[in-house]
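Report on one structure; see the data block that follows.
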Amino acid sequence: MDLRVGVIGTGAIGQEHVHRLQTKLAGAKVTAVTDIDLERAERIAKKYGARMEKTGYSLINAPDIDAVVVTSWGPAHEKAVLEAIAAGKPVFCEKPLATTAEGCKNIVKAEIAAGKQLVQVGFMRRYDKGYKQLKELMEQKAYGEPLMLRCTHRNPAVDESYDTSMAVTDTAIHEIDCLHWLIDDDYATAQVVFPKETKYTHSRLKDPQLMILTTKSGINITIEVFVNCQFGYDIQCEIVCEEGVVKMAEPSFPTIRSKEKLSQKLENDWKKRFIDAYDVEMQEWINDTKKGIVNGPGAWDGYVAAVTADALVKAQETGKAWVIETGNCPDFYK
Amino acid sequence: MDLRVGVIGTGAIGQEHVHRLQTKLAGAKVTAVTDIDLERAERIAKKYGARMEKTGYSLINAPDIDAVVVTSWGPAHEKAVLEAIAAGKPVFCEKPLATTAEGCKNIVKAEIAAGKQLVQVGFMRRYDKGYKQLKELMEQKAYGEPLMLRCTHRNPAVDESYDTSMAVTDTAIHEIDCLHWLIDDDYATAQVVFPKETKYTHSRLKDPQLMILTTKSGINITIEVFVNCQFGYDIQCEIVCEEGVVKMAEPSFPTIRSKEKLSQKLENDWKKRFIDAYDVEMQEWINDTKKGIVNGPGAWDGYVAAVTADALVKAQETGKAWVIETGNCPDFYK
Amino acid sequence: MDLRVGVIGTGAIGQEHVHRLQTKLAGAKVTAVTDIDLERAERIAKKYGARMEKTGYSLINAPDIDAVVVTSWGPAHEKAVLEAIAAGKPVFCEKPLATTAEGCKNIVKAEIAAGKQLVQVGFMRRYDKGYKQLKELMEQKAYGEPLMLRCTHRNPAVDESYDTSMAVTDTAIHEIDCLHWLIDDDYATAQVVFPKETKYTHSRLKDPQLMILTTKSGINITIEVFVNCQFGYDIQCEIVCEEGVVKMAEPSFPTIRSKEKLSQKLENDWKKRFIDAYDVEMQEWINDTKKGIVNGPGAWDGYVAAVTADALVKAQETGKAWVIETGNCPDFYK
Amino acid sequence: MDLRVGVIGTGAIGQEHVHRLQTKLAGAKVTAVTDIDLERAERIAKKYGARMEKTGYSLINAPDIDAVVVTSWGPAHEKAVLEAIAAGKPVFCEKPLATTAEGCKNIVKAEIAAGKQLVQVGFMRRYDKGYKQLKELMEQKAYGEPLMLRCTHRNPAVDESYDTSMAVTDTAIHEIDCLHWLIDDDYATAQVVFPKETKYTHSRLKDPQLMILTTKSGINITIEVFVNCQFGYDIQCEIVCEEGVVKMAEPSFPTIRSKEKLSQKLENDWKKRFIDAYDVEMQEWINDTKKGIVNGPGAWDGYVAAVTADALVKAQETGKAWVIETGNCPDFYK
């Protein structure tokens, strides 16, 4: 039987997920959609052969909805996820899980109280082939313990609305989730260093930034966030271990000899870079949900990301190293 | 509405396609399966929630079958494909389309007589990301006309049952289909050169072989087939154009610094190398079939592959260049 | 006319330079050598067709000595260099120029007082092909201003005598000299971070270390020093600019497909990595000396390296960022 | 004592060798030069502090000449080399050793009659770092026996005076010498295939060409010669062995991320590609000559190159495979 999915929020990313569920993945169908803009919801419902529900609440509680996808705007996430938990229905929530660490904590508490993991957060990098290859190598411990990570998150350009703190909350947030998973460790401290600025930035954005995280076991992580790097979308992850250094593969393009250069294309768009990861993420969520389990990033991961992002923003504001205090991961999530 | 698919042949590759259709792809369901071994067919039918049909003919002509997948053994392909054409049903046939060029020609004639393209042949390389990237570059003609292609088809090892002619019919057959599509040209001549033999081969297999094809416009193609190369499964394709040289990307793995080496894994298994291509191939076949079109390699391509393979085998046997005579491609297939 | 060179110190590196001057380079001859161990000096003199002088002073002031190479142990450098300046003779001094910043300052003052640049310090990296290629790109400013540098200095293993401070004075000292030259900027601050330690280190050595330098214009430099990395000798230098990222070439070795890996050898020995640079350095020193100029790293660079190394050691000891105060570069050295 | 060298021919390459000997290498001095244009010889003599001799004969036989470098035009080589042999003086002769195989044979005979190896031919590739790395791997036999070689010799453009046969005599001639040395085998047959022509060629030049050589042990060698490839000077050499494939390193340049590309410069000029090889070649010739030995390509190699080139030209003209008959290598040269 196909998993009957309801989608809350039919903006750009919501539409993409509806399209994905209806035309690219196996084992699920979108039964109903809703949106703050009901006309839009109606239009999308028609286009993909689903029905429109007037509210998130009615959608979540409809008897023909087995699971919920939350793709509304950030401030609406917490309420929708809590309602899904209350209804005992599995819910996939795009990042952020909630706009505050406290909101994430509320969800964690509600889920623990409900006694069953229901929530997955839309951190798709864990489903990217490159990161999965690294994860496999980390689990094999073939090169000893990891000691340092060097990452880059480079983006061609951002517009004027993007400011210094968004380098954490919109950009590094992906590394925040992905890296602690990769090395199976907890964050301890956060620091942000501001190198010389590029001429391509504006007054409210310090660009590039060098974010430095440490973990409880002492691993040092540097993340270069450079959102006006001009040249492309460039995600790198290198792990320095005791006996070897492992680096994520570059995206795969033909090599070309032309005009005195040996070259390969670089991605310039985050969507293209992670398009396959989105598909895999959602297919595995469907498969896991049908089995009644959550295997992907859960509510606790959403909370950790929020606390870590808060510490990095504090570090940006104060120029100091900041302690990341998430408390211990509840047994419920282990 | 899901495309209702019937699968003829539930051996290894048949089971893979059933699994793929039921659990990984969108828009299709396996409704019925059959096999020469009815117990096996019954078992697979049960496992995947389909029903068993006793013969290919009954499966093809069942009213709840919209399209057919032929994955029986080679000698049974021609009959099944002809029956599907007779029934006016779209059919995806694993390679070879038929075991002889004449058999392929029969299918071409039947399809033309039926007045509608129904047949797709399972040459999955056209759906591989690496080849698709090359195809896109060829269509852009950004580097001028192609003049030469240098390809390798290297495989770690084969067993004693693999002989000299199978280097053409089992191995180079993939390049045969893929390369003329890539450069949009027709083959003219075939030649095979036998270099010094590896000590890892046996008396009935000349290994490696250098196959040389030319096209009607004069493009020179060399294909190194080396099926006991020991080190991995290594598919390369380089196109020398008038203003640049384009080479297919290597499969994507992390780079590792360890033990005085900078290294990347190489594939060692053809299935892993082309696993994604199989998924894309079948998803696109579903999508195309629902639209009533054939976009992939068709019956004419199956015929061209058979004629070209025959010429290469003749070239192996005689040591001489051999003319490849397919006749002109009927307008029906353009 | 060949430049007549006297060599002070005939230990390992002294012998290498004598060998280089006598058998690999053009335009110079070793006329005399001396050493604290006169028997060794005598032996080397005989082997290479030079004569032995009893003291550095007599060697420097011999009328058939045009220029001096100082390869004695570190504590003897300052005296020898000052004597060469007093004698008005060009002098090439292996690093360190002096064992203290004060000693370097004395040399700077003496040279300025003498009114002519005579001193070159043996920082050979500026003559390495890889760094020279980067320098050329930096001078072209083809990718805008440099904003960040990411460097590694990895070494397979060190013995028990190597301690934490030597990561600065013996290892990072090369980056210290090379990097400010590369980006044509002055250092401002120094900081050292200690990641999780490798199990291959000992109690008196924190390994790896992450050194962070900033420059007056704000460029951020991270140098990973990892001297027990096990896998090889691995010098990397990446420069993040406003419009592009430039990375030094890996040492050049054949690519090999073998045992399911695509690999290249990595260097494991610093001498092999920089062997060509030593030859180029000395040849250019000969050529420059004959023209009466100093083009390589001079006394001021030796002083800057000493002050910067002191700040990094202070940063190691205190855990804090440390200001690097060299004062302004005298016009004499511009 | 420095080797006293006389140079016959002060055109472009002669001047380069004089410059090299006087300013870059150790252990030799140019004592005298001559040229068919005595004014030019006089000018070069003055510039580099040598004297002018009026004829090759007088230069060769001057008592202060220990060894001779022949850099006159090709047709004058044979006479000069024979005179040097007659005078018992070591001679380094730029390629070709003689303009005909018969001329080369004359030199071989004269040298054998003289009873001592004196002649080295200017095939500099054997001194290139890339080829030396391959040679070392071949000698180790770490990957089993070589079975096939795939080489490219690509050049950006040639002028109208360059015709089809020059693809052999001026271009592939370097591979001809280098490859049989690399695999320590003798050539057996030669064949030339003409792919589709580039639009950048002219009526008297077939471009590109695919040259196919076989060796006595059965190794198959393909050399793509493409002299109007537009994009750069691109020398590749890949050796397919029984257990692995070895490929010569690309020239070493920084990797650059810029404008959505990850790229490295490619060489565009053969002189820059092999500049280091010329220096090493000449330094080793100096060193070997002082020891009284010939270690580089000798007269027999010059003869083999001439015979092989003749066979390839015949193969071009006739379209057929051509037998390469050099006879056995005399013991004198083993």
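By letter and in written order, the chains are A, B, C and D; residue numbering begins at 1 in each of them.
Convention: a contact is a pair of C-beta atoms (placed from the backbone, for glycine too) under 8 Å apart; a residue touches a chain by one contact, two chains touch by 3 or more.
Note that this is a predicted model, so its numbers are computed, not measured.
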**Message:** With contacts counted as defined, which of the two, B-D or A-D, has more C-beta pairs across the interface?
**Reply:** B-D
**Request:** Farthest from subunit B by Cα centre, which chain is it? Let me know.
**Result:** C
**Prompt:** Distance-wise, how many Å sit between the C-alpha centres of subunit B and subunit D, to the nearest whole number?
**Reply:** 45
**Asked** Where the centres are mean C-alpha positions, what is the separation of subunit A from subunit D, in Å?
**Response** 59
**Prompt:** Where in subunit A do residues touch two or more other chains at once?
**Reply:** 231, 234, 243-245, 250, 257-259, 264
**Of subunit C, residues touching subunit B in the complex** = 231-232, 234, 250, 257-268
**Message:** For a test of understanding, state which residues of subunit B touch subunit D in their complex under the given definition.
**Reply:** 144-148, 150, 154, 193, 195-200, 208, 210, 212, 214, 217-220, 222, 224, 226, 229-231, 234, 240, 242-245
**Item:** Sites on subunit C touched by subunit D in the complex
**Value:** 22-27, 129-130, 133-134, 137, 143, 243-259, 264, 283, 287
